[in-house]
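For reference, the structures are reproduced in the following blocks.
You will see two complexes here that share chain A, one where it goes with chain B and one where it goes with chain C.
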Partner chain A sequence: MQLLVNIVVLAAIYALIACGYVLIYRVSRVLNLAHGELMMLGAYLLLATASSFAASPLLAVAAAVGLSLLVGILVYVVLIRRMTGEAVLAAVLTTVALGILLRGVMVLVWSAQQQYPGQALGIDNPALVLPGGARISVMAAMLVGATALTYGGLFWFLRFGRWGVRMRAVGQNPLLAAQRGINLHAIYALAWGLSTLTGSIAGMLIALDSGLTSSMPIVALKAFPAALVGGLDSLVGSLAGSFIIAATEVLSIQYIDPLLSDVVPFLVLIAMLMLRPWGLFGTREELDRV
Partner chain B sequence: MRSSIIIIAAVVAAGLSSSALAQDAYVVGITAALTGPPASTYAPAVDAMRIYLDRVNAKGGINGKKINLVIQDDSAEPSKAAANAKKLITQDNVMLLIDASLSSTYAPVVAEAKSDGVPLLFASSVCPKDVYPPAAEGEFCTTAFASTYDSRGALAFVKETAKEPVKIGFSAMAIPLSRGEMEFAAKQAPELGMTALGIEVIPPPTPDYTPFATKIKDAGANWVFSWAPWVTQVRTFEALRRLGWSGDYIAWAHLEAEGELKRIKDSRLYVIGANAMFDDNLPIQKEIAEAVKQAGSKYPPEQMTEGWIAGMVIEAALKGAGWPAAPAKIQASMQNLKVDLKGLRGGAIEWTKDNHFRTKQYYRVYRWDGSKVALVKNWFSYDVK
Partner chain C sequence: MSSRLPRASGYFRTSYAQDFALLQSRLERLSFLIFTLALAAFPLIASAFYLDLACQIFLAAIGALSLMLLTGFAGQISLGHAGLLAAGAFTVGILSKEWNAPFWVTVPVAALIGASLGIVFGLPSLRLRGLYLAVSTLALHFVVVYLGGEYETRRGYSTGIVIDPPQIAGVTIGGGRVWYYVLLTFAAAALLVCLNLLRSRSGRAWRALRARETVAEALGIHIAAYKLLAFVISSAMASVAGALFAYYRGFVSVEAFSLFLSIQYVAMIIVGGMGSLLGAIFGAVFVTLFPYLIEAALLRLPNAQAYAGDLFAVNYTAFGVVMIAFLLFEPAGLVGIWRHVQTYFLLWPFKYRPAEGARR
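Right after this comes the complex of A and B.
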């Protein structure tokens, strides 16, 4: 039972991070390689708001969530929008540069020390005992819940929401969508905002669960295979991919060798790329290179 | 923030002017893990060295010459550390090279230092066996933690403290020295009458330590020993506690240990270390606290001991080398050095031609006693042979 809980928690972490990659790629075909840094920025924003609103944890979390959404939108408006008309690779390289810049700035502002936003907010993180004797921390349980809510919300938004339908339209055919009067820049900015928001929520909950260090972006890198295995333009795929990667990782720790846990996600990714390069639920696209 | 800006300014200024200054100052280069997973163990030590040497410079320097400290970040990556070492030696003309990073950076940095005949000091990074007698010619170490001795000290404490048969698990980070040390400890434990369980080698960083902790708990451990960067030690412990594990845990007392014991408040979490904690309230600790405050460092004083000790040793080594200085003269000075640490450790740092570590390695064990960080076992030592 504990093994299953471990898999679910890790899958929830990866899924919450991976949906950020998917949202941006699905809409604009840009791979956001600064997603890990933006996720960490969300966690540090919580640390900052925690010191400003120490008496009101809910207000601190709400402020950090709002700021994260704003940061995502600003990244698009200030940086990525300027890549309009350029090759996709230019935008991807811009995200690499943004990631390096953010990492440096965050270390300068908040230092390399391990930080504990939960302590700053006075939030305890006790363990809950589940049926079967398995245990899960409150924050890990909230992370699983947040992932379920996020995916549920995104599915609803993309299926029934006016802006969600527009987002899908832009993802499928931006030229046609623009001709129908959809504001492409507004849609892209929204996608960046939502992506940063979901990543930041993951960062905040990981930080509340086990602390915050400047190495958090590497966690996001481990979620990347999950998005690719599921299909980079599919939310269902990122859920499935996250579960597969988490399961192989946890099972390899338990039954083979803990060291393999670092390698296994990439072995699964390589296997998937050989068999089905577009992922389990991804869209098969035309080759633009032979 | 202020201290970081000062460090960056120092790095930039040093980069621009080190060649010019090389003729007129002691140039000391550092490759350090200022960012990356284990940065919290190294960055405060580097800041402490900077503060200490700035104070020396403010008092007129050594032998009438200033110390020019050139700091390079390697993010705990061997390739970056190698590039830093090459740059520091060939472009900045450093006379003394310092490695304050993960053990995985040692091989390339040692190779660079050795090929150019520059003495290499491990400060705040774990002491490699090469500094033990008979020591490698150009390698020295001031760091509190040291392979094999630390495991002996920790296991001796476990044996002395345990009231029931010990089934001990081990937790390491997936880096060479941490893994090697836990393998050494796992071999030692049966000789002390303990049942050694498996070693969990945890890759850095991992988003959730629970799967690793689950395995340790399932193995039936009533003690766990971890000798790894603090992040691995503490997160494994906290994951174990969340799983309902109620055993005893002993970890190395890294820079963060004092603050972390106060945060975690668990009386069965022991830390073994070679540095005195600030609750001792020694005169030199007050001096460190005052200097840290004046420098506006973002790190608390209790995290400065390791870097402060390195600063004291660097000062003594440069003083002994005289002026004009050269790497060979500094190395000769380091091979005949004794520095009184004024209570920061159980004894002095004493180097000879054959011993670049110390003649005795002292340990203390601390834990949270319900109201404060308390001494569980006072200084005990091992002769270094």
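Right after this comes the complex of A and C.
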């Protein structure tokens, strides 16, 4: 039972991060390798707002979420927009460089020490006992809830939202979308903003649950196989992929070797790339487009 | 390569021997001679610190050359270069710890291991392109590093493996000067191998592959074979670089082969300039010296002691900024700048080259 809870929590973490990769990739075919650092920045933003809104945790979280949306849009407008028309790979390498830059800046501003935004906000994190004897911390439960909400919201938005439909159109064919009067740059900026927002929510909740350390980007890197296994352009896929990756990871830690935790997601990724590179729910022609 | 050098006059080669020569003009031969002498004389005047810098540059140059061969010429992206270096380093560590193997055994074995890993790294490239290939090499990097870490913990070397200084023909290699000449030899050999590979059949095949796979296949180039060949040669070279790195440091540990190292190598070929061996060397020099330059610049600032603890973070930040700057403003890299300068002097007092058709 505990094992199942662990899997669900880890899958929720991966899914919440993976949808950030999917959003950007689906719309603009760019792989954002700075996602981990952006997510960590979100967590640090919470730390920053926590000190100014110490009285009401909810307000601090809301402010940090708003800021992270802004950060994502800024990243697109300032940096990625300039890579329009360059090779896709150059854009990817730019995100790699951005990640390194952000990591340096974050250490400079907030130092490399482990921080606890939960304490700063005065939120305690007791363990809940579920029926069946499994334990789950409140924040982990909230993480699962946040993932469900985020995915529900995203599905609704992409299906029925005016801007969501536009986003899908841009993903399918940017040229035709632009012909119909859709503002491509606005859509791309929105995708970056939403992606950073969801990543930051994940970062904040992880930081509230288990503290904020400099190893956080590694979690995001491990969430990337989840996105790819499910198919880089499919949100349903990233949910499924997250479950697969989380289940293999938790089970292999439990039954084989704890050291495997850092490598299992990548082994699954390699296996998937060999068998079905476009992922479980991805579109097949994606491969030729890159 | 040499045909890219700007030349004011025409094409005056009249025999095959002249056509094959690596150094084609008297000026090239002269500058080569001066450069070689300068390199050979450097250890006689340099302090231990500068010798160490030079050795690091040579090691980085071997790695950068091998990555340039793969990415800059064959067009196959790899984000797992650190994994290959780790493979070479761990081959040395394991062989010398378990079987006490000497230098002339471990380095060739490292090359062999690297070559076979190259096939493993290269296999996904037969099916995947671009981004997906980069991701698969990234994944393999984690696998190799995991295996290394597993060996460390299983054998009880959890802090790292200490390697005794190597011996060649009974002489122990130790001290900056000896290492300088050994690494210089290896780096020069790597450069020569790359130069000759690129002007032979394989080099032409790789360039065709990079330009457009379908056309290359239509021209009769065996795509799968040449892709794998690129991976095999590049990985073998990287692995040798890793082996030399292990001997030079006298110490192997997985911590040295992080993802950041892979990114540093990618940065070398971007900053240096894609598709140019000279660029790989420029990039290796730049990226190796960069942290030291930052440190020196930081110490010049008033109140230097206050920032001393942040040096690491400043390095990261500045490195990211430089990488972004090159990607955005000078995609041709340092070599691009170098060529601009050359062209400027060559064309002076004119500003532009004559149009392509008008030159004949």
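One rule holds for everything that comes next: the second predicted complex is superposed on the first by the 285 of 290 C-alpha atoms of A that agree within 3 Å, B and C clash if a C-alpha of one lies under 4 Å from a C-alpha of the other, contacts with A are read in each partner's own complex, and residues count from 1 in each chain.
As a convention for this text, a contact is a pair of C-beta atoms (placed from the backbone, for glycine too) under 8 Å apart; a residue touches a chain by one contact, two chains touch by 3 or more.
From a predicted model like this one, the values you see are computed outputs, not experimental measurements.
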Superposed on chain A, are chain B and chain C clashing or fitting side by side? clash
Does the superposition put A:183 against chain B (first), chain C (second), both, or neither? neither
Look at A:108 in the shared chain and tell me whether it touches chain B only, chain C only, both, or neither; answer first, second, both or neither. both
Could you say whether A:51 touches chain B, chain C, both of them, or neither, answering first, second, both or neither? neither
Regarding the shared-chain residue A:259, is it in contact with chain B (first), chain C (second), both, or neither? both
Partner chain in contact with A:97 - chain B first, chain C second, else both or neither: second
Is A:10 contacted by the first partner chain B, the second partner chain C, both or neither? first
Check whether A:228 is in contact with chain B, with chain C, with both or with neither, and answer first, second, both or neither. second
Could you tell me if A:89 is touching chain B, chain C, both of them or neither one (first, second, both, neither)? second
Chain B clash site on chain C (candidates 235-243, 307-315, 325-333 or 343-351): 307-315
Share the list of chain A residues that count as touching for chain B in one structure and for chain C in the other. 103-104, 107-108, 112, 259, 262
In the complex of these two chains, what residues of chain A are touching chain B? 2-3, 6, 9-10, 13-14, 103-104, 107-109, 111-114, 116, 119, 125, 127, 129, 135-137, 140, 206, 210-211, 213-216, 218-219, 222, 249-250, 253-254, 257-259, 261-262
Which of the residues in chain A end up touching chain C in this complex? 31, 79, 82-83, 86, 88-90, 92-94, 96-105, 107-108, 112, 221, 224-225, 228, 259-260, 262-263, 266-267, 269-270, 273-274, 277, 287-288, 290
Chain B contacts chain A in the complex at 1, 4-5, 8, 34-37, 39-40, 42-44, 174, 200-212, 214-215, 230-231, 234-235, 238-239, 241-244, 256, 263, 298-299
Please give the residue numbers of chain C that touch chain A in the complex, ascending. 77, 123-124, 127-132, 134-136, 138-140, 142-143, 146, 149-150, 153, 259-260, 263, 266-267, 270, 310, 312-321, 323-324, 327-328, 331
